[in-house]
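What follows is a pair of complexes built around chain A, which joins chain B in one and chain C in the other.
So, the complex of A and B:
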C-alpha cells in the first residue's frame, strides 16, 4: 500500500501534458516588469530609481522586516520607470520596469554547469544567503524561506520534508526539475539539512512520476539520511499538512505550524533555488514555469526570468489559441485566473494554463441535495455545505465555531459538488470575514 | 484583443458528477427490481409504475409552473426516482386514482411545500405511501399473489404477506413453527416469490441494485449495513430468547420492505445525515424501530414508519454530530 493522507481528497484528471517536455530557457524579453512584492509579507522597497543601470542578480528592492524578501533584477539594462501595475493576482502594486540591454550578470554568480555538492558555510551563513537571495517558497505560497530555515527556540525539528508531490493537474515544473536537476536538489537538501541541523530528510513524490522517483531514489542512495517516498496520487497531497500526515502520520493541529509536530516542509523548486543561492551565489530571479493547455500547439516547461510578461511565454508555447476563455496562474484547483497577458511572471508562478471558452464557464447552480460528498472529500474534516450556508446567511459567529478558518481553500468541495454549487466562493467570503472579526477582537 | 478573458475563483475544473447522473444511477439500480416485479405481477406492475412516475413528474411540473412560478427542473430525475420508489411500495393491483392521490401527497405536500428538491425533511415517497396506507387501508394491504407475467391487473388473486401471516397467526395463538410452514421458504423469499409490495419482494434484485450503487459511489455502505445489521442483531436476540414466539433473523431481513427501505429509501440524500458516524446511528435507529413495530406494534410492517421517524432526527444529528476534524485527537460528539 502506498502512503497517502486518509481523510478526504479527490482525483481530478491529471492532464500532465508537458511531463515529457524537457525544460528550455525562454529568451530574455526586451523589457521586464518586476513587482516588488513577490512574497507573503511586507512589500520590499525599491532601491533603484529611474535611469539606473542594473545587472541580472542585482538587488532592486530590499525586504522590510522579518517576514519579507529581497527582489533582484532578472536582466541587465536601464530602469525605465517605477510605477503601479495590476499583478497576476489582480491587485495593484509597485513594479520596476527595466529596458533590457544585453545579458550581463553580477560577477559573483557562478554561471558554470559544475555541481558543487558540499558547503563549508555555517547554518547561520546559509540562512543569511537565502535571505539575501530573496528565496521564497516556490510551491505557490511564496512564504520567505529563511524564516522556515531559522531555528525556533523551544521547538525541535526532527525531519525535513521535501515536497515533490505536484498534486495539481497540468503542472509539471517540479516533475521536470526532479528529473533534470536531481543532483542539485539532493545537494540543496543537504544544505538545508545543515541549516536546520536535522538528521533526516524525506522526499514525497506522487506515484504518477515514476521517472522522478527513480532518479531521486538513485541519487539519494548515497546518503542514508535522505529517503524517497512514492505516494498514492490524491489531491491535495501537496498541501503541507496533508503531506506531513501522509509521510509521518502526524496531524498538525488547527492554527499550528508543521514545526509543532517536528517537521519543516520545503518544495523541490525551493530546494533548487536554495542550492543556486548558496553554491552558485545566484539570487532568485529565474524559475521553471509550465505553460500548458489542451489547445496550445507547443506546451512546455521553461526557465523564465521573473518580470517577463506572460505573453512572451504564451508566444513560445505557440501563441494564444482563438478559443481561449480563461488563463490561470497556477494549478486548476487553486490557481488564480488572470485578467490579461501583460502581467509579469513572478517567483510564485509554477504554471500557466490556458482553458478554452467551454472549459472556462461554470455550470448552472442547482439546489443542494445534501449528498454529503463535500463532507466526504474535505481533507480537513469540515462541512463545506454548512459553511457555505452560514456564510450566505451572514452567520459568521457560528461559522467560526464550525472552524471555517481551518479551510485551506483546496477546492475539493466545489470540484466534487454534483449540484455545481460555489461552495468555496462562499467559504472564502465567510473565512475572510471571520478572520477580520478575530483580528478586531484581538485588538480589543 | 477582442474578447475578454473569464475571471473567476478557483477551482477552475469540475468533476463529472451531476444531480441528474446520480438520480439516473439510482434509476438504473432500481431496474432489476422493476423487472422482477413485472415478472411476478405482470401487467399490474407496469400500470402502477407508469401511473406513479407520470403523475409524480406531472405534479412537479404543474406546481413549479403555476404555483411556484420557478424554472422547471423535472429533468433532474428526482421526481422520477420518487415515482419509482412510490410504485415499489404499492401492491400491483391498487386502483389508479389512489396512486394519483399518493403521488400528489408525495410531490405536492412532502416535497414542494418545503421548497422542492433538497429541502424536504421527510422522504417524499414514504410520506405518500404512509398517507395511502392510512387513507386506503384495504386497497393498500390486499396483496396480489405472484402469478407471473400473465397476471391481469384488476382480477388478481390476493393473499397476505408473510409478515401479516405471522402477525395474525401469533395473535390467534398459533405456534410459530406451524406458521413458518405456511409462508414461502427463504429461497423463495430471496427470489421474490411471495406476496408484497411490487418492488420489495425480490431480495436478490435489490441486492444487485445495492452493489451497483456502491460501485458507482452513489451511496456509501453506512446506512444499508447499519439498518440490516441492527435488525439482524436485534431479531437474533429475540429469536434466541424465545424461538416459539419470534421469527428468525433471516425471515425478518427477507420479508417485507427491509432491503428496499435500507438500500433505497433510508439512503435518500436529502433526508439522511451528512456525516458517516451519524449515518450509522440513523441506520441503527431505523433497524430498532422496525423490529419494535413488527414484534410489538399494531402493524405487521414498520420500515416506512421507522424511516420517517428517523428522518425527523436528521437535522438534530447534523447539528451535533461532526466529522473528525483534521488535527484533532478527541472529537466532541
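So, the complex of A and C:
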C-alpha cells in the first residue's frame, strides 16, 4: 500500500506530455529582463545602474533583511535600463534590462560537468553560500532557502524531506531533473543534510514517475540515510504539509511550520540549485522550465536563464498556436495566467502551459446545490462553499473564524465543483482581506 | 360531573393568569428599558434608506446617535440633506451643521476608445477580485476595471454600466452621496464632490499617478502631470501631486480655463452650456 495523505485531494488528468523529453538548453536571448524581486519577502534593491557591464553570475540586486534573496545576472552584457515591467504575477515591479554580449561567466563558477560529491564546508558556510547565491524554493513558492536551512533554537529537525512529487498536471521539470541530474541531487541532499545536521532524508516521489523513482533509489542505495518513497498519485501531494503527512504521518498544526513537527521540506529543483551553488559556485540564474500544451508542436523541458522573455521559450516549443486562449505560468491547478509573452522567466516559474480557447473558457456559474464535494476534497478540512459565501458578503471576521487563512489555494474545490462556482476566486479574495485585517490588528 | 370539570378548569386558568400577570408586571417594572421617545421621533423624519451613508449601521442607529450627541458636529444624513438635519435639530433643540451637498463623481474616463484593452480577464467578475489578481485588462493600472462593483453597491439605482464606454455612469438626480460606491471601488476612483448649481462639474477624470509617458501610452485621456492647469488657474484650486492634478471643488469657480489648457482632455466639464465662440480663440483660428 503506497503512502499518501488521508484527507481530500483530487485526481486531475495528468497530461504529462513532456515526461519523455530530455532537458535542452535554451539559447541565450539577445536581451533579458531580470526582475529584482523573484522571491517572497522584502524586495531586493538593484546594485547596478545603466551602462554597467555585467557577467553571468554577477549580483545585480541585493536582498534586504532576513527574508530576502539576491538576484544575479543570467547573461553577460550591458545594462540597458532599469525600469518597471509587468511580471508574471501580473503586477508591476522593477527589472534590470540587459543587452546580451557573448556569454561570459564569473570566473569562480565551475562550468565543468564533473560531479563533486563531497564538501568540506561547515554548515554555516553552506548556508552562507545559499544566501549569497540567491537560492529560493523552486517548487513555486520562492521562499528564500537559506532560512529553511538555518537551525532555529529550541526546535529540532529530525528529517529532511525532499519534494519530488510534482503533483501538478502537465509539469515535468522536476521529473526530468530527477532522471538526468540524479547524482547531483543526491550530492545536494547530503550537503543540505550537513547544513541542517540531520541524520535522515526522505525523497517523496509520486508513483507516476517510476523511472525517476528507480533512478534515485539506485543512486541513494549507496547512502543508508537517504531513502526514496513512492507515493500514491493524488493532488495536492506536493504541498508541504500534505507531503509531511504522507511521509512521516505527522500533521503540521494550523499556523505552524513544518519544523514544529521536526521536518524541513525542500523541492528537488532547490536541491539541484543548492548543489550547484555549493559545489560549482553557480548562483541561481538558470532553471528547468516545462513548456507544454496540447496544441504546441514541440513541447519540452528547457534549462532557461532567468530574465528570458517568455516568447523565446514559446518560439523554441514551436511557436504560439493561433487559437491560444490562455498562457499559464505554473501548473494548471495553481498557476496564474500571464498578460503578455514579454514577461520574463523567473526563479519560481516551473512551467508554462498554453491552453487553446476552448480549454481556457470558464463554464457558466450555476447555483450551489450543497453537494459538499468541495468539503470532501479540501485537503485542509475547510468548508470552501461557506468561505466563498462569507467572502462574497464581506463577512470577513466570520471567515477568519472559519480559518480561511489556512487555505493554501490548491484549487481542489473549484476543480471539483459541479456547478462551476468560482470558489477559489472568492476564497483568495477573502484570504487576502483577512490577512490584511490581521496585519493591521498586529500593528495596533 | 361535566359541569364541575369546566368550572375547575376556568378557575385554575384564571388563577394562573392572575398570578402570571402579577409576576409579569413586577418583572416589567424591574427590567424596564428606558428609551428616549425622541429617538422614534427623529427616526420618523429620517429617509429610512438604511444606506449607511452617515457612517452608522442604519437610520435607527443614526437617530440614537443624534439624540445622544451634544452637538451635531460630524453628523450628517447625506440622503436627507439640510432639510432633514434642520428638522432633527428642531426636534432636539440643537443647531444643524451646514454641510454642502455632494455627489459621486467617477475619476476615470478610460473607455475602450481611449484606453485599448490589452488582455482579457476570465474569472469571477468582480472588480475587487480582478484588482487583487493583476493590474487590469488595460495597460493603465489605476483606471476603472469595469466589472461594476460600484453599481452593485448602489441601493438607490443611481448607477449603471455604460455598455459602450464600459464605465459606470452616475445619475446625478438619483445620487444621494451615501458613499457606498466610494467604499466598493478597489481603485478609489469615485469621489464625493460638492454639488454645484445645475449639477455643473469640472474635475480631473483620471487617477493615474504614473509619469507622463507611460500614462499617455496606456490611455489617451490620462492626466500626464504636465502642470499646465495649475499655472492657468487663478484661484489656486488646482494642486499637483504624484503626477496627478486635483481640482478642489470648493475653490473652483467654474471659469473653465483649465479645461481648454489640458493637452490630453483629462479635465471634464459637465452640464455646461456650449462655449461662446469668442471664449475659444483657438477654435476661431481653426475655422479660418
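We take it that the second predicted complex is superposed on the first by the 444 of 444 C-alpha atoms of A that agree within 3 Å, B and C clash if a C-alpha of one lies under 4 Å from a C-alpha of the other, contacts with A are read in each partner's own complex, and residues count from 1 in each chain.
Following the convention adopted for this analysis, a contact is a pair of C-beta atoms (placed from the backbone, for glycine too) under 8 Å apart; a residue touches a chain by one contact, two chains touch by 3 or more.
Quick caveat: nothing in here was measured; it's all calculated off a predicted structure.
Once the two complexes are laid over each other on the shared chain, residue contacts for A:91 go to chain C alone; chain B is not touched. When the two structures are aligned on the shared chain, A:372 is found in touch with chain B, with no touch to chain C.
With both structures placed on the common chain, the touch criterion links A:356 to neither chain B nor chain C.
Of the two partner chains placed around the shared chain by superposition, chain B and chain C are both touched by A:340. Touch criterion met: A:416 reaches chain B, while chain C stays clear of it. Of the two partner chains placed by the overlay, only chain B lies in contact with A:406; chain C stays clear of it. Considering which of chain B and chain C touches more of chain A, the answer is B. Of the two partner chains, chain C is the only one touched by A:432; chain B is not.
In the superposition on chain A, A:381 makes contact with chain B only, while chain C stays out of contact range. Looking at the shared chain after the overlay, A:332 reaches chain B, while chain C stays out of its contact range. Shared contact residues of chain A with chain B and chain C: 90, 326, 336-337, 339-340, 360-362, 422, 425, 428. On chain B, the positions that touch chain A within their shared complex are 1, 5-15, 17-19, 21-22, 73, 76, 78, 116-119, 220, 269-270, 272-276, 318, 322-328. On the chain A side of its complex with chain B, the touching residues are 7, 10, 12-13, 90, 169, 241, 245, 251-254, 256, 324-328, 330, 332-340, 353, 355, 357, 359-363, 366-373, 375-376, 378-383, 385-386, 403, 406, 409, 411, 414-420, 422, 424-425, 428.
Within the complex formed with chain A, the chain C residues making contact are 118-119, 122-124, 126, 128-129, 132-135, 141, 214. Looking at the complex, you find that chain A touches chain C at residues 84, 86, 89-92, 326, 336-337, 339-340, 360-362, 365, 422, 425-426, 428-429, 432.
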